Amino acid sequence: MNLKKLLYIDRRIIYLVVAIGALIPIIRPIGLPVEPTDPVIGLFDKLESLSPGDAVIISYDYGPSSEPELNPMSSAILRHCFHREIKVLIMAVFPLGGVNMAIREVERITSEFEDLEYGVDYVNLGYKDGGQAAMKALAVSIRDVFPADVDGNDISAMPIINEIRNYDDVEVVISLATGIIGEWWADLVNAQFSVPVAVGCTAVSAPKYYAFLRSGQMIAVLGGLKGASEYEELLRRNFVWARKVYSDPAEMKLAATTGMDVQAIVHVIIIVFIIFGNIMYFATGKEKGR
Amino acid sequence: MRRICLSMLAIMVILVAPHLAYAQDSAPLPVAGLEAFDTPSDDGSSVTLRWEAEGNVPADVMRSTSRSGEYEVVGEAETADGIYRDVTVELGVEYFYALAFMTGDGTVMTEAAGPAAAKSNWFRHGRKNTLVATFVMFALVVIYVTIARRGKELYVRKIAGLNAIDEAVGRATEMGKKIFYIPGIMSLSEIQTIASLSILKYVAKMTAIYGTSIEVPNKDPLVFSAARETVKQAYMEAGKPDQFKEEMVTYLTYDQFAYAASVTAKMVREKPATNFMIGSFFAESLILAETGQAAGAIQIAGTADVTQLPFFVTTCDYTLLGEELYAASAYLSREPVLLGSIKAQDVAKAILMITMATGIVFLAFKTDIIVRLLETR
Amino acid sequence: MRRTIPLVLTFVVGMYPIFAFFVPHASISGVNQWLDRALMIVAAFALPLGVVNLVGMNLTKIKQKREGWPYAIVLLAGLVVMAYFGVIGVITRQHTGFHPTFQMLFDNMVSPLQATMFSLLAFYVASAAYRAFRARNVEATILLVAAIIVMLGRIPFGDMLTGGRMTPLSEWIMNRPNAAAQRGIIIGAALGAASMSIRVILGIERTYLGKSRD
Amino acid sequence: MQPLGLSIGVWVNALLTLCILSFLYKDNPFFRFAESLFAGMSLGYYIGIVTVQTLQPNLIRPLGETFFGNHNYLLLIPMALGIMLYFRYIPRISWLSRIALAVYIGYYVGVLMMQKIHGQVIPQTRDTIMPVTTGGIDALWNLVVIIGVFSVLVYFYFSVEHKGVVGKVSRVGIWFLMISFGASFGYTIMARISLLMGRFSFLVNNWIRPMFGS
């Protein structure tokens, strides 16, 4: 019967529908609403609770393949920090391109702020190999782990480094991570040195990180594009500057909020397929599929 | 700038020491009870200062090698922190510390605390609970392995995915097609990979006995090397050393996605009867499993990477979940010694559950002693 | 001798980081840090093992004109070009880091290939969901329902349809039952790994050495 | 007008992207070309990375600067271990290659074991100890988590037959696992779509639109 054929629908039809669903909003954005959730609010509140001059570490622990998810997150967090006059130490422990992500993002966002001073308000420390060993060593002295910044400048002359010596002077570590590195910050840095850790991760890692969130090993988890779009929404709700930044069409091309349109449509497509599959399954008398 | 001013002021203050006492009398200091001591449980790289604070003002941390000597600024602190760790110390040198504040009348300094010297310690006291846990785990494994060695029968339940291995190899033999064994993408530094190799050995023994062809494509060169030894040994133990070919274990590339591309291409072109995906996987899990599924292979997966389990569960015929992967290596060998260690795992789980239950009951009676015992540092 | 030396070494080297975990003394942690770096060097030496195998296989393919041999030429060409620009800086000592061409090839060729291969997952996840999420039995139905609730909670439509109840519900699932199951798996797997570690350190498990137990 | 080099880069990038995407339809020569190129170039890339980021700073440079100073001669040990890996091709001393593996595995097994016990088992156990008598609705949800953790751990019990009470509890464990798998799957779809979006927006915004000058 033909119904049976529908049950074993050619995968390529699914692929085609998904492709079309993803292309449309890219060509013409829609702008669907977003509601922030607690795991994301956790980071927002933490940064709001800091006073100007407090310091955070942002570690770029992802490569080009996770850019679409993590770049919008990084942009939103950096903007938040700089507007609140929080000092930012930027670093990377991800070997494959983490430092490139950091350079590009930092250049892009700092160019929006006129009175930021490199070496005073923020510094890009660059990449350090040895992952966990480096993370541990930061507890003793940041200056020893990173004798030079990303461009090879001696950092001992920079005021920010004299104020922020090690984890004791850092209010929160924000890791934008892919794979296992976000966990290292919780397992290792939070567990051994009790620094609060917030992780912005790809949506894949987020379910696992809820366990860390519950146990307090992470204070916040931003999961994928949705996490990023929620952070953008929090900024928009609370700050005038954010409403301006996140309505500029050029910026919106990069923002997570636009991405959420694609997400919404493709999710609906998948849900429709699942429902369709189940209807067919029961209509054909529970055909045993493998 | 502020630092330099403060330091200069501080030095001036020291030079005019009598005035210091006067300043202390007139303005009450925002801190009390300053003490300096070697940071416990560290490798000797720091000295810790501690004080009680009233209010929150910025302070300069001053240090000297003698009580009445010249003090220099070594850092800044906020009084509300209550604690400061000086990491610029030399191992074994004795230091005196004081805090300096800017007040309306100028700079004031607390009385010096010390002497304190950093020393390398021999034990991390915060890790006593971990030490106990490690010791218990070792003891359990040793005890149950010994019991098993003495010949006591140990029961281990059936694990569905493992029984399916025989079936899957049989299917490939009947169809005259290949078996792919993918040992994950991590190196030998990952314990899952080691577990995977011992399952590989079992599978390779079966293929040796039935004369089925097997291919093990690798991402990590060390695993490649070890997998080749493993398969070779399996063929020797099965009494078919002449049937082992080096091409059974191949190296593809070190890149996660290039590896996935090559393996999926192989799956589509060679249409294996069975795919084993056992070890540590990341995002490539679904690329491999979905392509294998579309190519019509029976698939058996196993991983302890929680993030990838949903994808294997939905696309493979059998999946070894988390701990089952580790148990599998012991279970397949059916060697009593290894079964002993599975029993040890179970006892460890029982101990943990009892600890949790006790802790929950204690909490109901408003005692958090168990929670505090489990604090880790 | 041939059997004992590797086992004794595994034991000694395996116990060291365990010991060092509890002993912060500089003399102990120093050795640990050194081992960290030393083993990276050992791993680096293993790479040629794989390269030789891959090059050998593809050369044979070309020589015997096996099916698809022209692609073997593409593969070898890519390998040689990329490796050349990768190591030339070190050999000639002209660059401290990478040759600029190396970075350019990575950005315009390797990186898009990686990203596109990765992006295939969007399609696979859809087809896997279509096939796997069928209400066949209790377990499969639970899987299906949880998946749909969370999917709806991730997109604005879910809240629109239910008056804002979908996001909290899906957060609850993630935070409570999901976190509980993940925790169970994490604890179980960690114990399994620990017991496996002990087996390796004590020399009970030694398949990885290629040698069987005696 | 874009500089020529840049637009060639964009073209190569876009065409390779399309070659890989074509695999979704079926295996074809374009995909096969891209896949072979990818395999070769990526391995070449890692040869460069390992040489420049591991061997250069950790072995070549220190030994080049001073051999005896800083105890650098000790680096000959990992180097020797690395070379031993190749002894397996020489039958008489092939057993020496196991020494390298034994050291490598032994060390990491020890390190990981401590990380699992200290970083996972103990904290996750501690956090399961939650109040169930105070805190209103939260107490109830805490109870859900506790039941979940316990039942999943019981599911992982290997030395007891899953019958009777144990069987029922482990069934509950399976339900929790299914909720978790379904929820994680649903949650992850988002990440996968993001990747596809990154590729599509590159094709549309950086390749097609500039081609038509918009």
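Here the chain labels run A, B, C and D in written order, and each chain numbers its own residues starting at 1.
In this section, contacts are C-beta pairs under 8 Å (C-beta built on N, C-alpha and C of every residue); 3 or more make two chains touch, one makes a residue touch a chain.
Note that the structure is a prediction, hence the values are computed from the model and not measured.
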The chains touching both subunit A and subunit C are B, D
Higher number of C-beta pairs in contact (B-D or A-B) found for B-D
Note, CA centroid farthest from subunit D's centroid sits on chain A
Distance between the CA centroids of subunit B and subunit D (whole Å) is 14
Here the gap between subunit A and subunit B, centre to centre from mean Cα coordinates and rounded to Å, is 23
CA centroids of subunit A and subunit D: separation to the nearest Å works out as 18
Between subunit C and subunit D, the Cα-mean centres are separated in Å by 3
Expected list for subunit D, residues touching two or more other chains, is 20, 23-24, 32, 34-35, 38-43, 45-46, 49, 54, 85, 101, 104-105, 108-109, 112-114, 117-121, 123-128, 145-146, 149-150, 153, 156, 177, 180-185, 187-190, 193, 195-196, 198
In subunit A, the residues touching two or more other chains are 11, 15, 18-19, 22, 65, 67, 191, 204, 206-208, 211, 214, 226, 263, 266-267, 270
Where subunit C touches two or more other chains simultaneously, the residues are 18, 21, 37, 39-40, 43, 46-47, 49-51, 54, 110, 113-115, 117-118, 120-127, 129, 131, 133, 143-144, 147-148, 151, 154, 174, 178-179, 182-183, 185-188, 191, 193-194, 196-198, 200, 208-211
Among line, ring, star, complete and other, the chain contact graph is complete
Within the complex, subunit B is touched by subunit D residues 20, 23, 27, 31-32, 34-35, 38-43, 45-46, 85, 88, 97, 101, 104-105, 108-109, 112-114, 117-119, 121-123, 125-126, 128-133, 146, 149-150, 153, 156-162, 177, 180-182, 184-185, 188
Interface with subunit A, subunit D side, in the complex: residues 24-25, 49, 53-54, 57, 115, 118-120, 123-124, 126-127, 145, 180, 183-184, 187-191, 193-198, 200-201, 204-205
Listed in rising order, subunit D residues that touch subunit C in their complex are 9-10, 12-14, 16-17, 20-21, 23-24, 32-52, 54-56, 58-60, 74-75, 77-79, 81-83, 85-86, 95, 98-114, 116-118, 120-121, 124-125, 127-128, 141, 144-153, 155-156, 173-190, 192-193, 195-196, 198-199, 202
As the complex stands, subunit A meets subunit D at residues 12, 15, 18-19, 22-23, 26-27, 65, 67-69, 95-96, 129, 186-188, 191, 202-204, 206-208, 211, 214-217, 223-226, 253, 259, 262-263, 266-267, 270
Note: in the complex, subunit C contacts subunit A through residues 33, 36-37, 40, 111, 114-115, 118, 122-123, 125-127, 129-131, 133-136, 144, 147-148, 151-152, 154-157, 159, 164, 167, 171, 174-175, 178-179, 182-183, 186
